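Please see the structure below; I have some questions.
We just call them A, B, C, D and E in the order they show up, numbering each chain from 1.
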Amino acid sequence: MESIAPPSKGSIANLSPDVLETPPLSLGQLTWRRFRRHKMANFGAIMLILLVLYAFGGAFVFSEAYANKTETGARLQAPSREHPFGTDTVGRDILARTIYGGQISILIGLTAMLVELVIGVTVGAISGFFGGLIDSLLMRITEAVIVIPQIFLLLVMAKYFAASIPNITILGRTFSGSVVVIILVIGVTTWPYLARIVRSQFLSIKENDFILAARATGTSTTEIIFRHILPNSIAPIIVSGTLSVASAITLEAYISFLGLGVRPPTATWGNMLEGAYNYIETAWWLWFFPGALIALIVLSINFVGDGLRDALDPHSRAI
Amino acid sequence: MVIRQSTRLFLFVLVVVSMILAGCAQPATPAATQAPAATEAPAVTEAPSVTEAPAATEAPAERKVATFIWTQEFDTLNPYYTNMWFSSVTQQLYNCWAWDFDEANKPQPRLVTELPSVDNGGLSADGKVITMKLRDDIVWSDGTPITSEDFVFTYQMIMADRNTVASRNPYDLMEKVEGLDARTVVITFKEPYAPWVANLWRGLLPAHVLKPIFDQEGTIDTAEWNKAPTVGCGPFVFDQWESGSFTRFVANEKYWLGRPKLDEIFFRFVPDDASQIAALKAGDGDLGTFFAYSDLPELEAAGIKIINSFSGYNEGIYFNMHAEKGHPALKDVKVRQAIALAFDRQKLVDDLLLGRTKVAATDWDNTPYNDPSISPWPYDPEKAKALLDEAGWVDSNGDGVRDKDGVELVLKYGTTTREIRQDTQAVAQQQLAEVGIKLDLQSFDPDIFFASYAENGASANFSLDLIEYSDSPNFPDPDTSAWLCAEIPSDENPTGVNTSGLCDEELDALFKLQATQVDYNERVQTFNKITKMIFENVYWLGLWQDPDLFGVSSRLANVKISGVTPFFNIMEWDLAQ
Amino acid sequence: MNRRQVILDLKDLRTRFHIAEGTVYAVNGVSLTLHECETIAIVGESGCGKSVTMLSVMGLIPVPPGEIVSGQAFYRGRDLLALSEAEMEHIRGKELAMVFQDPMTALNPVLTIGRQISEPLRVHLNMDHATAQQRVIELLEQVGIPDPKNRMNDYPHQFSGGMRQRAMLAMALACAPSVLIADEPTTALDVTIQAQIIELVTRLRDALCMAVIWITHDLGVVAGLAERVIVMYAGLVVEEASVDELYDDPRHPYTLALLAALPRIDRRRDRRLKSIPGAPPNLLVMPHGCPFAPRCEFVFDRCRAETPPLLPVAIEHRARCWYDVVNGKPFE
Amino acid sequence: MTRYILRRLLQAIPLLFVISLVLFFLMQNMGDPIATMGGRNVTRSADRERLKRQLGLDKPIIVQYLYWLAGNDWAKADLDGDGIAETPGTRRGVLRGDFGLSLVNKKPVTQVIWERLPNTLLLMLTAEAMILIFALLIGIYSALKQYSTFDNIITTITFLFYSMPVFFFALVTMYIFAVNFKKWGLPYLPTVGMFEPTAGKTPLQVAWHMVLPTATLSFGFIAGYSRYIRSAMLEAMGQDYVRTAKAKGLPKPEIVYIHALKNAALPIVTIIALDLPFLLGGAIVTERIFGWPGMGRLFLDHVSRGDTPVVMGILMMIAVAVVIFQLIADILYAWLDPRIRYT
Amino acid sequence: MIAVQAPSTEDAMQTSQPLVKVRDLRKHFPVRRGLIIERQIGSVKAVDGITFDIAKGETLGLVGESGCGKTTAGRTILGLYPATSGQALIDGIDVHHSNREAIKMLRRKAQMIFQDPYASLNPRWTVAGIIGEPLRVHNILPDPQARAERVKELMLRVGLSPQLINRFPHEFSGGQRQRIGVARALASNPSFIVCDEPISALDVSIQAQVVNLLEDLQDEFGLTYLFIAHDLSMVRHICDRVAVMYLGVIVELAERDELYEHPLHPYTQALLSAVPIPDPKKDRSRQRIILAGDVPSPLNPPPGCRFHPRCPIAMDQCSRIQPEWREVAPGHWVACHAV
């Protein structure tokens, strides 16, 4: 095929040799390369992996029973060899609790993000693709949710659902039903921003010639949405999904901090802080470790998100 | 450049505007304070101006100012419109009860010459009619004499349909309230009403201030007096209330028991315990209350004197024994006893409450009606296990939780979000697990937890098995409706308060009997029976006696605290020399 | 041939860009001269370095990622590349002015046309507001904007494409510069508008005796406009000649091929177009040998090994090629 | 433009209506305002029934909403519980400017909010000014010095601050500047309230008490905004018109502050205008921690007591503010960007 | 403009059976505005009544300045935009009034090549997916293996190495991408292709490659092209007949050489004279007609002849009466009062 055909036979001779020199690089590989060059993102990714290992690997070191074991005689002990992070108001080991609390916090972050993604992407996609009346309707709903500041809505909804929270048992572990409530509440209040992003993505990608090309080819609407537009809007969705995990973890912490979040005995990094500020002077370890862990995981997720943003879209430098 | 300048200008203007607004918002309260001051001109310093730093800076050596730290802000200062503890304990400052209670919770006449009794003819033999003789020298802070008219007016206000007072208890049991003359008030109950001492005339409304408003608007719900009771009958008079920040009371020059020794009392509202502790330790406050036990050593180290004031609250667990809705195990007295025996409440009190209080044996601990012969169930897990085995609750499937007839002994244990309660839950969960009882912990905001059956409140809808809270009877009276069959919440009775769902005919009869027993000793006997029944059947499991904790700095002298009317001798309080 | 004075003299300019993927060798040793009142054209395909060359001279290459590796650019004897930023500010817009390809993005959307045109007047000529306003009106009139008094208060989006380019011209001409660098000024415009602009520039050039460097990819545009033409490929000048000479007697295979690939509106279709195989070179790799070698029909071994120098092939006509296309054999 | 504003306002009416309806329904299940009335005792059953009746809480929710919206002075209520509605209502409804009375303290909702609003505004606007000044300084400087050491350090710090939850920052600053400074005998910052009641509400007192809450409120926003401004400036600096300005020989400050910043300001202004109303609600967490007597604390206090009228009042006020500020953002945008013309 | 559709005219226009028939096709984009409910307050008349035929195997050039509606015309003819009125028939299928089946068939028979080789290829798809899309969508080759073979054939045909089948568009140069676009258009064996400025985004040296490829393919498969372009030189090279559009209407239509050598409409004349010729001597000697001003907004096109505000020979009636669409010489149609 490298043979040069006679000019009359046309264009085979026009093969450009330079393409063959470069190894095939999928967009994923390119993204990975760009991501790897992003120092902060790498730091964030490593940090994140360590934190996940901490939360999930730690379960092999401490049992959940230990994390919930009260030792009222050893309450509010400062960090020591026995309790590296100290003990809380009923003498539970804070280190062990941050491990199990971390699991729940990460779980809340991820699942709330999923809820947000499902709603946000669906609404945004429908709105952006079909436009017209559906769009106006959906956008009015989106606005309605946005108009109330999230934290207010979160508090109101958390209280609304708090009335009916049976505990749930998954995989042999009992969680406070409020975990589900918080996940839903966070998901239900955060989607509008994503929906707007997805909508604007759809609006702009819809105008691309390759969509017109697909239509000219006779590709069906469903296929255009799912095979053409969605894969192309995946970058901002991934980025915003990543950052959503961080914001969901923070939001959970806010609500728990204000006393409307996940109920004990299920620990989360957020509800470990509830009331801990009453000990700001006397027992700094109560608030310091969970607080620092939240800050760390949010920071590393933000780093990763920023790296992903740059990696997925080299033109964007926006925060 | 253009942008920056205009943006800055814009922001500057906004800041200025907001500062002006912040300044403007204040006159709302002073306006109210100044109006009466103009007519009556009591010795309320000078017209308190906002910008001027109040009093303290003017004559620091002379004016005696005490600062109280409150973690919640008053909702209203009308004594009949609030249930809030912080509001009601403050009433002895600016309002007056017919009689208040001393540190031993003994009634002390304040507006009356003496407490009505059968002996002095103040109480009819059937216990239905109470006749009060008012003192001659009692006056409102504006100089208007307090007469029977004020009592009649207060009664009318409580019963007025358009007034949304917090409670009509026990006024809705009265037939009438009359003023025989200016100094005599006669109250007639429909039925004999034994607990009258504890519940009557917890505050007085000034007819001469509020009647015109009521006549005009048909309600006193929105009366300015509720927020700014500048006319009062306590040793202090309301002066200023800055929303979210503080309330100030100044000495009532016309107080008939003598002008108080302090000149001013500030109530400073700080939103949380930590700030309160910090303020007290820093000497920014002279009195605080409602501490977590864990803060006590620190406060004491800082020289704060802690006063345990028992006000009838005893923290305890109500068992859900509702005929249909409860867990089957809890209907068995052995199981309830086992729970009592398996829960080391003494250790809980020692560790979490730092041994500052005692395990509550009965709901009437620290009331005069207490049966001192009863002491709390001991900690005996072995016996608890034995009792559970006996009752047929054994761990047949080896999952660590006892069961019977296929029902696991898993109990839903709910309480409010108060930290100490959640901590208690965690401890209880662990201890009961050791005898094979699994607890499923839940906690709720108070307004959800205590919401009525109609509102699907957690404590009232029988979805929980163990319900922990502390509820005071009508302290110092032991009367309570929490055990009456008629109070079991249901679709027909959606506002019932019997959260255990227990209907014990015998107990019911005893409760009805005590309410009519005017004779003190007879009543004590009845209550001893009630107490024994509840204790032995473990209808209620006491956790700890829940006194009100007051912290008083060494700056204050002559401080006495009563469980019913904490500041009963506030006029004697003084700054230590 | 040229007795006019040399006004701009570019010597061995090399500019690179350091980007994530590597180094882009954008300009690889460009030398050229420009005389007073002369119009030259720099022709080449996208990425051949024609714009970067002139942006380098103007000091408009963002550093980083750009880097001017070597070279001098003498403007009336002063090496522009050696001047400080502050000194360059006095040259730019006053002595050397530039017009860009897309007048939509090149004009600030949030400032009025009048303000943008008056800026060089204020900065370079210290005009007060009123004088500057007056001058702006004159300038707009000069470039053929109707009703300049009112239109000067318009924003760029209120102008049509052609008018925007006229405004750009007015801005460039504000201080009566000696050299006007026009970077593809008509590429974004329709042919009828292009004709208007070309006509305008020609008229102004003749009126003001201004030297013009016209950067374009369109060999057609150049023909009626420039005196000399410089053809660039892969950051190198491959051929330089007077306009007549270049079209009559192209000597570089690339120029030859380009002309052959162009359909002619003035001729009936007589043949297939001759296409140049392959694609323009990837400048991430420093060209080795003749950069056109991979696409050249006359290519022979030496082309791949050595980069040819820019050799004189006729009077005032130089080409960078080892092959003599006239005689059909390599040069000696 | 007037038409546009009018149209937007008209469009906001159904929006606000729907929001109020949804919120009102949400709030009905948010706790029982008369369960304890904020006290330690459970409200007795007789009083519960009476209060429900008196407060109209026994009515079907849609009727309650209707009364809230349109008042009940055209209807009669049964206050004495005899089954006959005899007392005419007195509420005029939100539509006529009556937001009702707080269930907690029987004050008119507007007054309750008005007492706190200036405090919140003071805190928020100071914070916003801080945010703007520092974010602009940092953002522009780090954009101009892209990839310099300063830029890298600032980027790292902004990320750190941006990621730190507000309460953690607050606790750390409290721990350092209040607790430890005091321990070390340094001048320490107050952590609670707006002023010392004994010292009075002097500007100095208020300013001193504002230090920590303002810092807490601003730090995250400064970080976020400065990143945003940096990227907006970078983008603007890379535009063709900046090159044109350079080609004209304009001095650097003129290029940066007029040509670039005016364009970069467009998205920034929008963001600020959209964020401002959210500040109105007060940073709930900040006000809670520092005991600032503002809207956020008010909201928390009244949410915890199920005080629907006040909570509705706050939320609707914010909703209206958001709508208005969105409109202002649009107008500002059109004012700054001549390309935008609303009709 | 006109809508004279006498059958005789039609017959006269066509000698052979046309593959594509366009009859008074209009495409107006509504402009909406309103206080709450949006009302249509006007419309952008992007295409305002165009009529022409394209014979089998013929290339019709559609030229005009930007904004004249030529791209909209191309898309409306293919049914990618619903027509406001008028008719377009491709191989007997009414593009705008047919059932789904027929439209699906049409999508096989008629294809499109786009201007922007970057935007017209889905960046997330491999070449295999892009070129194979018509084959998959129309179930021509449901088997991925067979489809890949066919894609490779097509790639070879357009001058791309089949080895690159799994590469992504971003790895290709502009010219190569345009060839991918051509291969995609060819995949379903169409008979009619709308080429919407297929070369204007390409470098000069690449343009010829693509043009030659299009010509070869036409010869090989007997394709019919509607070639939309603004480059008049290239149109003269590739097209058999040329239609000149101005503000949504066709002002002149003729055989290629007839049009270029004897343009009748003043707009055509101006347009042709504005095109630079890469020949200095000839270029200098040419008489240019420089048009004044810009193309007016299609929202409010001028009354009468749409060209009259810029027309150097405008007469009084031009601003009032729309000129008739006349055949002034065999196969040479023009709409001008002065002709």
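The definition used in the following text is that a contact is a pair of C-beta atoms (placed from the backbone, for glycine too) under 8 Å apart; a residue touches a chain by one contact, two chains touch by 3 or more.
Worth saying up front: this structure is predicted, and the values here are computed from it rather than measured.
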| item | value |
| --- | --- |
| Fewest hops from chain B to chain E - one hop per pair of touching chains | 2 |
| Set of chains adjacent to chain D and to chain E | A, C |
| Distance-maximising chain from chain C - centres being C-alpha averages | B |
| Pair of chains whose C-beta contact count is the highest in the structure | B-D |
| Where chain C and chain D are represented by their mean Cα positions, the distance between them in whole Å | 55 |
| Where chain B and chain D are represented by their mean Cα positions, the distance between them in whole Å | 34 |
| Computed distance of Cα centres, chain E from chain A, in Å | 47 |
| Shared interface positions of chain B, touching two or more other chains | 272, 278, 445, 448, 451, 456 |
| Junction residues of chain A - those touching two or more other chains | 13-14, 16, 159, 163, 277, 280-281 |
| Sites on chain D at which at least two other chains make contact | 29-31, 258, 262, 288-289, 336 |
| Chain E residues within the chain C interface of the complex | 65-66, 173-176, 203-209, 211-212, 215, 230, 232-234, 236-238, 256-257, 260, 270-284, 286, 288, 290-291, 294-295 |
| Residue numbers on chain D that touch chain B, as the complex places them | 29-33, 35-52, 54-55, 79-80, 87, 101, 104-108, 111-112, 114-119, 121-122, 125-126, 128-129, 132-133, 136, 178, 182, 191-202, 257-258, 261-262, 265, 269, 288-289, 291-294, 297-298, 301, 304-306, 336 |
| Chain E-touching residues of chain C, taken from the complex the two chains share | 45-46, 160-163, 190-196, 198-199, 217-224, 243-244, 247, 257-259, 261-266, 268-269, 272-277, 279-280, 295 |
| Complex interface listing, chain B residues touching chain D | 1-4, 7-8, 11-12, 14-15, 17-19, 21-26, 28, 50-54, 56-57, 65, 67, 72-76, 81-85, 88, 161-164, 166-169, 172, 221-222, 226-227, 242-246, 248, 266, 268-272, 275, 278-279, 282, 284, 313, 445-452, 455-457, 459, 470-472, 481, 487, 493, 495-497 |
| Contact footprint of chain A on chain B as seen in their complex | 272-274, 277-278, 292, 294-295, 298, 347-348, 350-352, 412, 417, 419, 422-423, 425-427, 429-430, 440-445, 448, 451, 456, 458 |
